[in-house]
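So, here's a batch of structures to check.
There are two complexes below, and they share subunit A, which is joined by subunit B in the first and by subunit C in the second.
And then the complex of A and B:
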């Protein structure tokens, strides 16, 4: 199989996965009682009407009386044409609500991802180069600390120290501040710091252990014997092979963190991002919006995994396409 | 003195050593069955005979109502006792070797001690420390040796010195806004954490090992289908899926454990598959096959035991993820509010952080230390159980 065919096959598979997930979501929804129908029935009962009839009317209004396969076809068409319905709790289309959330989520996600991807492997390789020195131990300790401390707990503590006691940062996120301004940087510094410490640990560990293997490899000895400067030796001969196994874990871990942490960090720091939108929709029982954000996160994960696999084959030409 | 005749190879009674009949359970299997059957009987009795309000142990005079999660927890505990702890006693020489290797890693020994405390506290604690109870009057009591301004507390259990309420030993870690004792909350939270850790691990391990070994051994299209299925499982955002289930059906601790273990075994299955593929290449497996061992026997007696150490390590590193997820959900107010987990305590104290930080700090630190301990332990087990990994480091 050539590279082109591999990419096509992998992309088709990603589409199939997204369809499977959409189907499961639909089945989950179809099997559950619809809160809006129940609400209509309760309303009718309270006002002296017939609850069964009101429930029937509400079902008809939402097209729930049609056969399952028609509803399924409608649902799938709606999902893939980005017709995700109306978010009642926010009085705007679901896609618009999500886009608004994304605007704030991107403001801290972009610096967070860049910092993690830059610092993680660098510190990992550095600590492998100085293995078992105090610098290595300090880096390892930091990695374990960041990995083990729950993000939301760490966020609360930092908010208590810098927000309440030192009053250096605002306690509640201010949306009126322009994106590229010092005040915005100050209020986003702590969330970004919390997320970076949380995600960097695993990457540091993996890159440290992986690059340790290449430290004493024959090609490193050759490079040193030829008088290559340490910086160049590490950058070209250790970093590159380290990035290959790292890339398999990197995207997956960042995505997992993005899905879980963005929700918590946004709730703790009061950032009105996409996680916060999901959370509010859950509380307000806004089915369309809950569904929309779940699907949005899922598609991000599917596309991320797809990109990861493709980047992996580009980075490491030794991998044959048939094995995977 | 007579000289003792050394054992001779040709006089070994092989039937004594290898068990070849199809149903001949080891002492470990007997132990598990001996605990599982009474447990099942009690569960059936609870389900069929007693009505819903009567606590399960009422006929014996105890007020403990055993729930589904408790039954599962007791069963996994017996699995742990008979398949992890008992073998350590059955093979003392190997245990001593592991311990020597393990002991060299100081943080891991401390971690093991801490996890031992959490384990014992989680099992015995609820019988020794009564569940935290609401009592509005004694809210915001400070921990012992600390004090809080008089204006925050309505009734101070300790002395009031210079307008500040002093902490007492009656509430060693203080109380929440509702007057719940934080220490009692933490002890009861240990039970929840242990339940989550043990049950999820057992479910993940059984599905993951089954799928992984079958996939590795069957090969061909079975392997292909199973691994593509694992891909789907791995692409699921578990937290969001759980939120969706919670939103539609509502969910307690049992549902949490079910959903999270149903989506967490993907990584284990992949890992077990690659591990068994590499073991299957070994010479002794070929020898086994040539002597006519069935596939089941090869997998059960040779591949699974050889892969066991790395699987245990991988599972150790999964547990903190579950604990964290539970705490996160509880913090968001989406967990099971009826159970006293650490996350519930943290979220209960969040609004009082500026003047009563102990409500958040105490359970938060316990959670942090437990997650840290599992990570250190997994790292050390990797070195102790896997001699190859160590050879690479040296």
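And then the complex of A and C:
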């Protein structure tokens, strides 16, 4: 099987996974009692009406009296046509609420992802090249520190130091600032720094250990014998094979952080991003919005894994596309 | 007066700092290679052959390694020159072919790219020129359909093809000296013969000096002009290949030849093991395993080299003035007659 067919097959599989996730979500939702129907019944009972009739009416109103397969078809169509329903708590469509959150999330997520992807492997390979020297130990110490300290806790400490004591950064995120401005960069610097330290540790460690293996490989001796300079040898002959195992760690790490820590960091720094939107929806028990953000995160993960698999095969020519 | 040799190695000493002390892999070795000549370094595994050849262009990792002595190549001392100057010579004037073609290429790049890289780091060539030259060499080393194989990855080639590609990579800069470190050891026998034949042809075509490392004396007989016998980091004997094969002087050389059935030996091994390179024996390094060792063999370092024939020199006390080398047995001509007398060494 050629590369093109592999990509198509893998993409179809990702689509199938997303459908499975959607189906499971639907089944859970169908099995759970609908709070709005219960509310209608309670209201009716309080006002002396017939709770059963009121519940029936509420169900009809929301199409819940339809057979399961019709509701399933509607649900799936809704998910894939981005008709994700109405967010009660925010009085706007779910997709719009998510898009607004994404606008702020992207402002700090894009910088920290780029920084992590650029700096992590470089420092890791540098660490391996200077293994067991003070430079390596310093990088390792930094990696473990970032890896070990919880992001939200580190964020609070930095906010205390730079926001409260030094008054160098605003304590509460200001949404009125233009996206591309010094003030926005200043107020996002600390959350970006926190997320980079959190994500870079694992990537540095994996790059260091993988490249340690490759820098002692026979092909490095071949490269040296060819007259290749050390810098070129590391850039081409160590970095490239290191990226293969690293690509799996990288995507996993970035996704975990994007889906998990972002929320905590947004809450700490008061950024009205997608994590914050989800958090508020949970508090307000806004089912549609919670569902929407969950699905959004899940689809990001599915797409991330798809990219990871494709990148992996591009990076390592030995991986065969057969039997997949 | 003949012209100076292409490569002249004097007092080459390579040590490695290990946790268990300093290990001396190569201990004051001298040898030379003339233009267009093939010199074979032979010896059993662990005798320091590979380290010696990798010390010539300082491929040895430093630290923990340390290379001392002088290596004159076309009159310049490679060990005294700065790294970037030496880098100009590596892969351009002096090329290497290594033992294990499976591991010697980077699995992430195409074969052609890796061959072209050797050219690109030395010359300012366009992509097309580099590709043309690499394809040409792939074809020359006997890879069929070279222009298509250029884009193959190493794992798509067989072991023999990989070694051919490695040879192409070595030749891309048109080197004056090719250092081939057991290039056929990892290959099966039929392929070995092909690669040797190829190297022989290429040497004539490119007019290179070749320094060939092997523990396979059958190979030596086929290709060498001169041979250097190494044991435990020291040279035991050297000379023209026919002289050494027909009249081996050093007891170690005789034992080594005894090991090769094709050369009339009995195929038996040499009892005992190599000495500890952290603490080599005083006197002749081979004395602990030598059936003819006597007190003089065990003191005063490795014996000086003594001429036994024009161009053939041996490091053995039995050839000193006033001594009778016939105690070592009559010139055995590789017959292996007295192998039964060999006692096991000091262990």
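Basically, the second predicted complex is superposed on the first by the 319 of 324 C-alpha atoms of A that agree within 3 Å, B and C clash if a C-alpha of one lies under 4 Å from a C-alpha of the other, contacts with A are read in each partner's own complex, and residues count from 1 in each chain.
Criterion: a residue touches a chain if its C-beta (ideal position, glycine included) is under 8 Å from a C-beta of that chain, and two chains touch if they have at least 3 such contacts.
Since this is a predicted model, take the numbers as computed values, not measurements.
J.: After the overlay on subunit A, what do you see for subunit B versus subunit C, clash or fit?
T.: The answer is fit.
J.: Of the two partner chains, subunit B (first) and subunit C (second), which one does A:11 touch, if any: first, second, both, or neither?
T.: Neither partner.
J.: Between subunit B and subunit C, pick out the one touching the greater number of residues of subunit A.
T.: Of subunit B and subunit C, B contacts more residues of subunit A.
J.: Under the stated touch criterion, which partner chain does A:92 make contact with: subunit B (first), subunit C (second), both, or neither?
T.: Once the two structures are laid over each other on A, A:92 reaches no partner at all.
J.: Identify the partner contact of A:100: answer first if only subunit B is touched, second if only subunit C is, both if each is, neither if none is.
T.: Neither: A:100 stays clear of subunit B and subunit C.
J.: Between subunit B (first) and subunit C (second), which, if any, makes contact with A:313: first, second, both or neither?
T.: After superposing on A, A:313 lies clear of both subunit B and subunit C.
J.: Classify the contacts of A:305 with the two partner chains as first (subunit B alone), second (subunit C alone), both, or neither.
T.: Touch partner of A:305: subunit B, not subunit C.
J.: At the Cα centre of subunit A, what angle separates the centres of subunit B and subunit C, to the nearest 10 degrees?
T.: 80
J.: Look at the superposition and give the distance in whole angstrom between the closest pair of CA atoms, one from subunit B and one from subunit C.
T.: Between subunit B and subunit C, the shortest C-alpha distance works out to 11 Å.
J.: In the superposed view, which residues of subunit A touch subunit B and also subunit C?
T.: In subunit A, nothing is touched by subunit B and also by subunit C.
J.: Using the touch definition up top, name the residues of subunit B that touch subunit A in the complex.
T.: Residues 228, 231-232, 234-237, 239-241, 243-249, 320, 324-325, 327-328, 331-332, 334, 346, 350, 353-354, 357, 360-361, 364, 367-368, 371-372, 375-376, 392-393 of subunit B touch subunit A in their complex.
J.: Can you name the residues of subunit A that touch subunit C in the complex?
T.: Listed in rising order, the residues are 217-219, 221-229, 232, 236-237, 240-241, 244, 315-318.
J.: Please give the residue numbers of subunit C that touch subunit A in the complex, ascending.
T.: 54, 57, 59, 84, 87-92, 95-96, 98, 100, 103-110, 114, 117-118, 121-122, 153, 155, 166, 169, 173
J.: Along subunit A, where are the residues that touch subunit B in the complex?
T.: Where subunit A meets subunit B, its residues are 13, 17, 20-21, 25, 28-29, 32, 144-145, 147-150, 152-153, 156-157, 159-160, 164, 212-213, 252, 256, 259-260, 263-264, 267, 278-279, 282, 285, 287, 290-291, 293-294, 297-298, 301-302, 305.
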